[in-house]
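By written order: A, B, C, D, E and F. Residues from 1 in each chain.
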């Protein structure tokens, strides 16, 4: 909580540094931490990735299986991104059903991938209204070091990019698995999520856990390969000026481009 | 709780007045509070009502949709009444799964409508054992001022009376919605619930929240248009003499007749 | 908890006695309490038993009904053993969802019956992959006096032995109940669970509640009619030496034989 | 066995299980059947087989539920998975939660709670086999179990249903009559204080029938009371008036 | 009624419900509509019908959630089963939990919590009928209900969405436009402090459109603010500037 | 790939994955892999990939679970949704709850809890990819993570399964052998104290086979112990005996 003395001291120190254009880990304000992406880490899954973003570490697995479409969405396959913070990832995480923070995390990650239309869901249909391919992209935070939104999003995107999709043939209205034949998922664009925090009047990219503990507000902006802004989520207990938000949207595009290059190397 | 000092003082005052034949809001012992019924308040629902009974206020919505019959009840449609106390309705209500009071409330409302056979469930069957019409009558308490049983029951009955039932035609064993054609639900009788409280030796009709907080026992009696007694629920932490119960059954019939007239104006 | 003073005193007394080869209730170390089995106690169930093992008392009911097989197990019927500790059985039992002790109890009982292959599940298939007979063996602890594992296991076995299985005939791919025709379940072997506790260096059979409250570790070994060891579960907050475990396996066979004779009288 | 309405009663007023209109099913009550509970009773009431166990007065958990001025009473009515024709999910249904509440409120006036502030008396009821009238039978066992636990009481609570079957008022409705009859009215009475502490009705009764039905049930309650009393005597005075 | 994309807007920029690009739906707000709540408001915003009730500052249960240095704000956004086309399960969905959180965080900067350590202010929102933009309408009602409860506030919070429909930026997206349009951006503003306290986006906007869309929404927020203010004046000053 | 019983082992006693009867799968353990946990370890044991993280001793929540005379140990064994062939529901299954309990009881004798009254040591295990013997591998990682957290311990706990496949006793049962073999016996040992702290069995063993199987597993446990020790040395003494 902001009100706690330790957080206040931390905030004072962070703000003092920000006034000189610096951050406690030496980064500039619009600089992300090092992003390390490793794919194929869970060979039993159809796709997987381990992502390190500074001290934050995520493992994502993708499972692909036959499914029924949602009612009224019979011409689309199923894509579901989840996220959970494992209790070993954070001294404050608790086992049990997800709390509101975790639900927000999962929904924001899902929305970024869904709204950019990363995957052409129409290509996942086997029999319209009856049988579709379902992709379940489950992210587990295994070390929590700030900015879980971006880290989970990157791990989910990398997990999808690493996927091999099994082939089902439809015989007599029944989808049948074709052994040994797989393809890449139908990728249309590369979503990149960029999260920024406001501390005082400063906007910083990719906040650490310490920075998050004393930030005023947070914003996550997801852009696609064409430079469109596709998903936004403001969080935190204070607000932004409209000017700050425009600045954030520009930063999201600039920073996002660098990350997208890292994704392109996985394709 | 009866044991609390405030409740005891309230009880003393209420009892003193009852000895003179009066109640704190000026009503006689067998007099209900003003009942205001407004229907069609939720146009997107198939039926709806807003009911004010004194300071108690309920909103009920009716949803009608295709359903499967219960096993062994393949010749009947589905009718389910629920009730919940919204947390904004009462400082003591809590969000979360319903507690025993709310479950009792919902079940007593449901039973009154079910046991009087208000709706001819046989007429809601489309294909025996396979496809029926389901009516969901959901009541939300939005302001809690005592006697939620009667208020929710009245709102449910009014919601049903205001219903327009869509038409499904069965073609090739498949029920198909016929656009633009609706009918009234098959009403057989008008249930009226009347709740009475015992405070000391006095039986009062339609207790307020204050009266409920110091009552000894409670009874809800539902009658139908033919003057039959169809559902009874005793509550509260003390009992009634058999003579008091007979008196209550007579009061329920008398008072019920007035309410039924209000319902008839809705038909 | 072992740390509590009362338990420590109890342990001291029990250990003192064990040094002289005796137990507080006069039994020898490898002696079970009296086992009383009564079957048919719940006539509405397809099978049932009431078992008393010393002060522990269990009621088990068996329900048999049409079911769908588990996916990938289409050539087997369904057998599910559950166990619960009723809140009236123990001052420390609590109503609500089962805790880890109760889940372990149920799973160990289930495993003993499943791993010995007591019932030939293939004979419970009506239509492969589509329709099978399901047997639900539900045990309720109604008085908790130690060694719930064995008591629930015995009651489950006795309940199964007392079963009459309804007959379904398959007509036009639809299983139809044949009124008035029943058979015994397809029994292949008789599982006997034997639970032992270690207190200090002593291994005792069939511990009472007092003995359990101060035991170091616990082991449950289930054997079948052929003298095979089919299921083992070690519990408790300390361990056993390998030699003690071999000794336990021999005791389980010896003691098991006596119990099995009691079962044979039920067949 | 398919049962049509006409089979529920013969023209001579003999019911489907052979009883007369005003006849109770067989009832037997055993007191003190459980070793862990502070008080307990087992009742067979027709085909109902029900256990009741009482713990307390004891400390309340969670503590914020305690009442500094009085003891509180809690009640759980629960059906075993094997107690009914179709296996029942062991999680408590809404029906069981409602019955737990009406049973608690039916027992409450009989129990003197004032002397035990900050404590709870827990009544746990397990229906091992269910037949018509299980909530009345459960109440009968629970009241005896409270007495067996030594809880100070103003009176016993004795419960029995009446109903309407084939247009006639009958005592003690059984399962078939409950399913296919015209009305079922469970009633609980404190016999010495003359107070009705439970009254429910499902069905359709004319006002006159309502009175007759309640009177019939009350007669049943009083007969049940004698059986409860005898069961307690048998335990507490060796020479129970058999 | 099947609606194709082309029907969402005429060539003259008239929207499917007849509005111009920058036109709000009808909005009406009533203050103090509930008797039990410490503060309340009812809003109709297009076809949205939403109630908000506020309790507090009051004691926190469970106690360990209390903050010794400040009051806390809790928020529940809930949809009635009958509020949407398909009957909704009354248990809170993940969507409702997320919206509860963003609404709480949108209200938080407006409420002065420091003066009420160890207490909670509870905001309960019930969507009786849902239309496009229900979270904005809910926020508008909740902020007015907080004021009605006498909670000290730095500013009101005024919310309104903008979006992209048929390639054009429009104010206050309705249900059809939300379902079949190209972008939906709910925005909340503290109008006097000039701070945006909620911003979400689903859809696809070019960077320039992003700015225009936000500016459009902010204009809407300011208009909503006037309606909120008028509603409060009507309650608190008889001669509200109707 | 359909596997029949005969394919589980060749006539020369070579197993389906090429191992001899008494051969372990590849095992590697890394210590201190997590930054937030007080201690942690990552194990690959055949195709098992498992993380263990330890927090504590720390305050107990909820407080009533604390023991005034001793620390307590809690354990959660959890499988990731993507860890098995069919996607697993993330809510803990009954199987996971049981395994959490037996792992806790297998670790408990190794941990000196007396010195930390009123505190808890939390062991969190995440199975990222599951293969046969995941509970043993989980235990191996958890014990190393406890040591890494600096918790005072009497001994490590080393676990390994043995089983019966194609009528022969084999060490370290893999997934195919577990599914189609005749018996699976997970065992945990405190190697220096010579105490078995976990023993389970699913299958069918003759009394003699039971002994052999246990002995085989114990040999495996001791080999695992060397690997655990080496992993800890590698972290804590730069010149670990590689």
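Please note the rule applied: a residue touches a chain if its C-beta (ideal position, glycine included) is under 8 Å from a C-beta of that chain, and two chains touch if they have at least 3 such contacts.
Predicted model only: the values in this text are computed from it and were never measured.
Asks: Applying the touch definition from the top, give me the chains sitting in contact with each of chain D and chain F.
Replies: Correct list: C.
Asks: Measure off the straight-line distance from the CA centroid of chain D to the CA centroid of chain E, and report it in whole Å.
Replies: From the centre of chain D to the centre of chain E is 52 Å.
Asks: Please compute the C-alpha centroid of chain B, do the same for chain C, then give the distance between them in whole Å.
Replies: Centre separation, chain B to chain C: 48 Å.
Asks: CA centre of chain B versus CA centre of chain D: separation in Å?
Replies: Their C-alpha centroids are separated by 27 Å.
Asks: Send over the residues of chain C in touch with two or more other chains.
Replies: In chain C, no residue touches two or more other chains.
Asks: In which sequence are the chains arranged about the ring, given a start at chain C and a first step to chain F?
Replies: C, F, A, E, B, D
Asks: Under the touch definition given earlier, write down the residues of chain F that touch chain A in their complex.
Replies: Interface residues on the chain F side: 34-37, 40, 47, 49, 51-53, 55, 58, 76, 78, 80-87, 90-92, 122, 124-126, 128-130.
Asks: Quick check on the complex: what are the chain E residues that touch chain A?
Replies: Those residues of chain E that touch chain A are 67, 69-70, 94-95, 97-98, 100-102, 105, 108-109, 185, 190, 193-207, 210-211, 214-215, 218.
Asks: Quick check on the complex: what are the chain C residues that touch chain D?
Replies: Within the complex, chain C contacts chain D at residues 41-45, 48, 55, 57, 59-63, 65, 82, 84, 86-91, 95, 97, 136, 138, 140, 142-145.
Asks: In their shared complex, at which residues does chain A touch chain E?
Replies: Going by the criterion above, the answer is residues 1, 3-4, 100-101, 103-104, 106-107, 111, 115-117, 219, 224, 227-242, 245-246, 249-250, 253.
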